[in-house]
Amino acid sequence: MKTLTMLQAIEEAIFEEMARDPRVLTFGEGATVKWSQLRQAYGPKRVRTTPLSEGIIAGTAVGASAMGLRPVVDLLYAPFLTYAMEPLINSAGKQRYMSGGQFSFPLVVLVSTGVVPFYGAHHCHNLEAWFAHASGIKVVMPSSAAEAKGLLKSAIRDDNPVIFFHDIPLEHVPGQIPEGEHLIPIGKAAVVREGQSATVITYGRLVQTALEAAATLAEQGVSVEVIDLRTIKPLDEEAVLASVRKTGRLVVVHEASGTCGVGAELAAIVAGKAFSALKGPILRLTGPDTPVPASPPLANMFAPQAPQIIQAVQQLVG
Amino acid sequence: MLLIRTLEDRLGALCREGKAPMIAASTGQEAAALGVIDTLGPDDLLLTNHRSMSHLLSRGADPGRVLAEILGKRTGYCQGKASHLHLSIRELGIMLTSTVVGAELSLAPGIALGASMQDSSGIVACFFGDGGACEGVFHESLNLAALWELPILYACENNNWQAFVSVKEALPTARIADFAASYGIKSQSIDGTDLEAVREAAQAAQAYVRKERRPFLLETHCPRLRGHAVLDPMHYVDAEEQAAGWARDPLVALSQRLAQAGVLSDEARAQMQREVDLEVERAVAFAMESPYPGPEELLTDVFA
Amino acid sequence: MKTLTMLQAIEEAIFEEMARDPRVLTFGEGATVKWSQLRQAYGPKRVRTTPLSEGIIAGTAVGASAMGLRPVVDLLYAPFLTYAMEPLINSAGKQRYMSGGQFSFPLVVLVSTGVVPFYGAHHCHNLEAWFAHASGIKVVMPSSAAEAKGLLKSAIRDDNPVIFFHDIPLEHVPGQIPEGEHLIPIGKAAVVREGQSATVITYGRLVQTALEAAATLAEQGVSVEVIDLRTIKPLDEEAVLASVRKTGRLVVVHEASGTCGVGAELAAIVAGKAFSALKGPILRLTGPDTPVPASPPLANMFAPQAPQIIQAVQQLVG
Amino acid sequence: MLLIRTLEDRLGALCREGKAPMIAASTGQEAAALGVIDTLGPDDLLLTNHRSMSHLLSRGADPGRVLAEILGKRTGYCQGKASHLHLSIRELGIMLTSTVVGAELSLAPGIALGASMQDSSGIVACFFGDGGACEGVFHESLNLAALWELPILYACENNNWQAFVSVKEALPTARIADFAASYGIKSQSIDGTDLEAVREAAQAAQAYVRKERRPFLLETHCPRLRGHAVLDPMHYVDAEEQAAGWARDPLVALSQRLAQAGVLSDEARAQMQREVDLEVERAVAFAMESPYPGPEELLTDVFA
């Protein structure tokens, strides 16, 4: 085992995949400075900086992937994705289908997401649900440095476009990384804590929060199962349903705004397919339907906190 | 060119009968397409936009499979999922027919990068309209192609119109080629109705791109003879401009040139037309008789 | 009463609002040709054509609305919105909040949505859920010409950004329009058919389909309540919950892809807040998670059809 | 200028102590901001980007309320929801501080249209960086402003860097003003470190925009002395360039000029600094002591 921050784990994942497969390349605004190890190891053809033009960065990734390269591009912060939607949605997400399967688009888009004080709404906007709603695009969001490494390596090997959201507050958090080849499959959720009385499903940074809540609840004698989705699309419906069929109670938790978010999808899946197992309402704890405020106390209130999770579970089991 | 014209006219007739969707015909722009594509090699790659028939056929697409695709049939190049507006043909290097204006410009640098990094000597021809030049991505594409020295022949067919908007209402310059200089990109702006002139300019342009591995912008000015889409009544285009357009019909120009040069007699022309008609009818029959995709196809080819 | 198609009703709504309020103006690609009556009546300053540049059309609408004008802009087809996301999401949707309430953005974006044969995935993509998920933006989708007129007039008077999605297949469908001032409030759903045994919630073109299904079910002795959401955001939670509390059964129906769609949100609201009233699972009938195919038989299968709605209700009441 | 410099330096120190967020200081670009804004009238409107301190203070923003906003306090201009990166001040005509690069360019035409159509004689000054000029929307904005004859003074502060990317890696030209000509827009490219030169050029530029109701692009070349954000170690910028930057410090240039002209004695300069220091400390105290917004503020001002 060794210790890396999530950003270091991401660089290591790209590093290893670039070593493994000469088709992998990486580019983005300032990529040569941000990923200086990659640049040193793989040179200017495979590690490129770009102008400040998210649209053409994304478009170029899509074009290059259609040709069989495997670009990993860094679009920095989630709100900047708004400049890159056209090629990601209309080409990467649709052109395989529209062409009757002639093309595939093995590309990865790295984006920082999540709320931090002072950053505000032009840097912080959790947009994973958009890409889950669109077609032909996979969406991944790791909960730790090790998860980031394992999921990113799989994402780079995946033959489809993958949007890889990583939480800003986790970027510099160190974590233990398994030695050797470390791959985590896309599309499989992880039961990160087993339990009997209620299921809490979340992803990204809030997995830690959910585990804290579960630990507190365990002290109170309430056994909670915590699921880390890992992949938001394709969503591991089986894991979700299996857990809720066991516990009969569900709390879904994420930082993104609620309306039409991933939590809504989870609730709908369960209300449709595991209704008879449910012992009570499905509770959603999400960020509010507001932009992200910069002011620290407000920013710190944005995401659901452990006490709210505890209270929701208590409400269900009470 | 005769094939393009005949096929598109036939499609127009089918559309009027309710048997085909309304396509954006390339009528008036055939020389601009053929003149460029004639100079390309088999390793070269193409991207085009909604007005792509001239590009598809110039590149050697099978009229039957094109028509089948347009009608949404399983035997089409994209199994019927694309129809006319998104028709790509990988085996001919046609990587994209884009109907979101500008997507062709967005993908071109990546296609060129993919070719270059995988040691292909191929270049990319990216066809787009004057309307495409209004999208910001046009500039982003030129900029990246210049910076990364990508082998792209940007081929702008400037037909003076972007749907129902005249280029005069949309840009302060009528010459799209003028934008290239800001990026240090060489360019040329020519009459796109003269097949020989287009071929000559394209020959030089593609040779430059191929040798220097740098972008070039070739602008061809042509009339849009059938309007935005084939049933467009064009009441927003004044009659004079329409007449002037038809006076520049590239097919008439070519026929006259060949006739004057004595290489195409009236009889040979008529014979050629008969053969093309036959080919088109065969294509129509093939497309009409082809089956639609089965319902299971709704869910296939979403993910690789 | 008079008869207008939905497109005519839209033009009439803008016409009336331009007469009423000199701050209303309209622009878009080809607007002067498409809205020739408006151009004739209100001249070149208030009815403008634009270059083919969705990004700056949207940005200009946002800027103009910040200054107190009330722009109505036509962005043509929903997939073209991908070029216009930056100003709509980051400025129109956030800048009121970020500025502490200094600005408001009274603008309307008109967009065609819905599936038609041959058009394919570059013209057809139901994206209403994206805007519902983002913050600070209202979303409206009318089910008929009269609804379009009444909702659009309210949207133009609303002090917030409103995305007005109108179904392509309805554009040329004629409908009866009430004479005189016809306003439909934003944020209120309509119970378009009352019933006792199950609730079907939908919006846009599929309201008609749901009504057909309900009529057939009535013949079979099953009493179905049909709700036309009219407004997707803000969503009329009260009307939704009231109906489900009465019927105990819910089928949600829309053409957009299912994952993180409006149907997921409806299911989540009900599973969270009316769980005890539910007599069975919440069934979702939505478009598939695929791009829109051009081929007619596939395109015609994309949206849920009346027989599927009938079957879903039968499954619940059976 | 002294106020801007002093306040930003103080913020840098606070940041190092963990008491303030990391701002993108305008150090080196003060003259480029003040010289332009000095020439504007009260009806004029401004848009700016992440590097906005120089614009806010030049326009007369209250340092206490600016600092309070930066610290996320309720007494800030945006009630703490904006912090430094999105600070707008309607009462001063500051319509947007954008941190999504290019949003200022995107909104500028609409702001100008709004002013013009409501019979304001005001013009719009849109401040942006060389990085903003890489976004496609830069071109879309210029194009629309030219076509619709909108009174916008595009003020590009070209500081040679876009975060960690040199302008040389990002554009084939080092002069952003060169792009204006394609749209028939007049432009000028000047040294942005000489306050008098900027003021003179801006005076002419704003007069042109005001009189002709047409856009103008004024580019000011300036050094980015504190890096991308205040704690940036700048190891990617070579030492020579950094030194050359400091040699062009606009504040030093101004002080020297005033001293040489005999209008600013050393003593007067020191006295001025003391006054500014006092003002800044008062502002810091006001900001520090101000309350945070209450939790209910999380949900307010989403909709009008």
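Should a chain be cited, it is by its letter among A, B, C and D, assigned in written order, with residues numbered from 1 in that chain.
To be clear about the criterion, a residue touches a chain if its C-beta (ideal position, glycine included) is under 8 Å from a C-beta of that chain, and two chains touch if they have at least 3 such contacts.
This structure is a prediction, so every number in the text was calculated from the model and none was measured.
The pair with more inter-chain C-beta contacts, choosing from A-D and C-D, is C-D. With every chain reduced to the mean of its CA atoms, the largest distance from chain A is reached by B.
Chain A and chain D have Cα centroids separated by 35 Å. The geometric centre of chain A is 29 Å away from that of chain C, both derived from CA atoms. As a whole-number value, the distance joining the C-alpha centres of chain C and chain D reads 40 Å. Between chain B and chain D the centroid-to-centroid distance comes to 45 Å (mean Cα coordinates, whole Å).
Shared interface positions of chain D, defined as residues touching 2 or more other chains, are 79-82, 86, 98, 100, 102-103, 134-137, 140, 143, 147, 169-171, 302.
Counting partner chains per residue, chain A has residues 50-51, 53, 55-56, 79, 82-83, 86, 90, 97-98, 120-122, 135-136, 289-291, 293-294 touching two or more of them.
If you sketch which chains touch which, every chain touches every other chain without exception.
For chain C in complex with chain B, the residues that touch the partner chain are 29-30, 33-34, 49-56, 79-80, 82-83, 117-123, 288-291, 293-299, 301-302.
The residues of chain D lying in touch with chain B in their complex are 134-140, 143, 146-147, 169-173, 178-179, 182-184. Across the complex, chain C is touched by residues 76-82, 86, 88-90, 95-96, 98, 100, 102-103, 105-115, 117-118, 136-137, 140-141, 143-144, 147-148, 300-304 of chain D.
Those residues of chain A lying in contact with chain C across their complex are 79, 82-83, 85-86, 89-90, 93-94, 97-98, 120-122, 125, 129-130, 132-136, 233, 235, 256-265, 267-268, 270-273, 275-276, 278, 280-284, 289-291, 293-294. The part of chain D that touches chain A in the complex is made up of residues 21, 72-73, 79-86, 98-103, 131-132, 134-136, 162-165, 169-171, 236, 292-293, 295, 297-299, 302.
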